[in-house]
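Chain nomenclature is as follows: A, B and C, assigned in order of appearance, with residue numbering initiated at 1 for each chain independently.
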Amino acid sequence: MPSIFRTRVQRAAFHRDHHRQSLLDIYRISSSTSDSRAQTIDDTPADLILTALTPSTPTSSSPSPHSSRLYSSSTEVLLGITGKDFTIVAASKAAMRGATILKASDDKTRALNSHSLMAFSGEAGDTIQFAEYIQANIQLYSMRNAMDLSPSATANFVRGELARALRSRKPYTVNLLLGGYDQITDKPSLYWIDYLASLAPLPYAAHGYAQYYCLSILDKHHHPDITFEQGMKILRMCTDELKRRLPVDFKGVLVKVITKDGIREEEYADDHSVACP
Amino acid sequence: MASVFAGAPPNGAPGYSFAQTPTAAPAGIREHSFYPYTDNGGSTLGISGADFSILAGDTRSTSGYSINTRYAPKLFKIGGEGPESKGARIVLSVVGFAADGEALKERLDTIVKMYKYQHGKPMSVAACAQRLSHILYGKRFFPYYVTAILGGLDEEGKGALYSYDPVGSYEREQCRAAGAAASLIMPFLDNQVNFKNQYIPGSGEGHALQQRVPEPLPRKDVEELVKDAFTSAVERHIEVGDGLQMMIITKDGIEEIYEELKKD
Amino acid sequence: MGSPFSINGGACVAMVGKDCVAIACDLRLGMQALTVSNNFPKIFPYGDVYLGLTGLATDVSTVSDLFRYKVNMYRLREERPISPQTMANLVSSTLYERRFGPYFVSPVVAGINHTTGKPFICGFDSIGCIDFAKDFIVSGTASDQLFGTCEGLWEPDLAPEDLFETVSQALLNAVDRDALSGWGAHVYIIEKDKVTKRLLKGRQD
């Protein structure tokens, strides 16, 4: 096998990012294309790098980068419901790494400013890295301008950053829900953003497998001017269905609510068992 | 269809449809295999009326970007006497792999004739339609690579039209387009024959708005529709053109019309 | 995963009439077979010029945002609105800048040139090759179906109301035969001194 990391850029990348999947991507790119720039021979032994790669690649056939990535993010649950004067955002509490649950009280959300909340799922390192980068920038905006960015502006900023990263050397594999309350129009809002940076404003949304179980329930029961209590009732129907049908235990959901008064955590009991027919 | 026959065409071999992309031959060990199918392009369509059925097909035959011939009929009379198929009351149209189409036509023709000799009466279209389904399904694991449409008159004298997939799944319909330009023609037919997305003006608000009810069209209108559909398809699809063959089945027999289409 | 052009689905069509043009799009946004949103318009108005974008949803947003910026900058610098012809060349050169890493979109431009008063439509491939058409332009996952319906229904010199009916029927019937498009439509009828935007419900499946 010839030297894999040939260019200076790629070598620097190796030292910066310790995530193995990203290395796989670089490996795929540099090995599949005969790059004319790749003339400067690297002094890093190729075998050494390959050794670092192999543990994450199961056996001989190398899987597509998406199949292994999306698996864990698909079993993570993100749900969002808007109503008359509120937005509910729910995120599963399990922090998973392969088949192992590392934590049962994980918070997959970050408050961006007083009235917008971002929930995230996806590849382990990317999620928090991206979320906190966004959080810092939105907060910086609030400090500099002495006013908050509106939810729609926030959503478009987040999308822009994710889209920019998408065409960079190392894209973020992160799915997002942006719940907010627009204080100017006095309306709740919810934005759905996937890892390709597709942005859709929606009345209710989900990510991962939760989409297949919950969207149909929401299609049937949701209405734009439901009350908060009705919203929670629909959320309960969704989480019960997930408990019933998802093959993995997602350790319940953490529920946050955004209203005109700001963001608050909502008590959500998930110790009851759900009967499966 | 890919699920039915997963074998890819051999590399660099000529004469495949545009849907299949022949890739460059890989270096090293080369495996030779025989791919038994070719796509000869072209399109067919059928529309049934109150007392008639029309089947139509273009007459171009292609292999890749080449034209084999400008006159290769895709419409066949079934169960008639002699080389002219005298007295036939059923028409079969086949599009896809022309050799399979020809073989299928021969088989069905023989069966319908044998039926007449053995039972002393002509086969009904419904019976013929079901028989065709069985023929196709009989080759479930080495299918006739064709999309068939069968037309005739039912026992009440109404226009009857049956459409098939290559392995024999079939359905009686008002209209159907098949072949290379099916995706172009079918939505046009939905609109013009079954009046899809057409509403009666002023008949109500929102969900109360009345849909325009489809009714069998007069023969003249249908003929015009068929010609429009094909001249449209010829403009935008390179595998369709040269000639338009139409067969109109009425109680008086089968009338055949041939018209020129663009040859570019 | 298939082609980037057909992950999200969508369709767009533009047509020329007598002293008017029409541009219409569907509203679906999906991820393969799953429909995520039924309110994702693919036509973006930039003053007098209208841009339709189908293809990868993320690039639809990126490219529409980029052109909003570029058209605004053009108007500020030139102190006049952009003409459809100039817009066409702007789209073409912008897309070709990304020749070896394209935006996965198939744009359509429609508008009336206010200097000549003539209707103008054109389409592009993802790297900016312009298709100037006198009749109609189609794009998206239902482009085959749209070619069929437009070729069958369109005729020259349609009046605005007739053009609306023609473009709507062409789009609605085309997307009903495409699993990745549909869920309602937006239709713009652009005349010299008037633009009418209509929302069509269409089949919700």
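We take it that contacts are C-beta pairs under 8 Å (C-beta built on N, C-alpha and C of every residue); 3 or more make two chains touch, one makes a residue touch a chain.
What you are looking at is a predicted structure, and each value in this text was computed from that prediction instead of being measured.
Asks: Pick the chain whose C-alpha centre of mass, unweighted, sits closest to the average of all protein C-alpha coordinates shown.
Replies: C
Asks: Please identify which chain has its centre, taken as the mean of its CA atoms, farthest from the centre of subunit A.
Replies: Comparing chain centres, B lies farthest from subunit A.
Asks: Just the number, please: Cα centre separation of subunit B and subunit C in whole Å.
Replies: A distance of 33 Å separates the two centres.
Asks: Distance from the CA centroid of subunit A to that of subunit B, rounded to the nearest Å?
Replies: 49
Asks: For subunit C, what residues touch not just one other chain but two or more?
Replies: none
Asks: Give the list of subunit A residues in touch with subunit C in this complex.
Replies: Checking each residue of subunit A against subunit C gives 66, 156, 159-160, 163, 166-167, 192, 194, 196-202, 205, 211-212, 215.
Asks: Which residues of subunit B touch subunit C once you look at their complex with the stated criterion?
Replies: 181, 183-188, 190-192, 196-198, 228-229, 232-233, 235-236
Asks: What residues on subunit C touch subunit A, complex-wise?
Replies: These residues of subunit C touch subunit A: 1, 7-8, 29, 31, 34, 36-37, 39-40, 56-58, 61-62, 65, 101.
Asks: Mind listing the subunit C positions that touch subunit B in their complex?
Replies: 144-145, 147-149, 151-153, 168-169, 172-174, 176-177, 202
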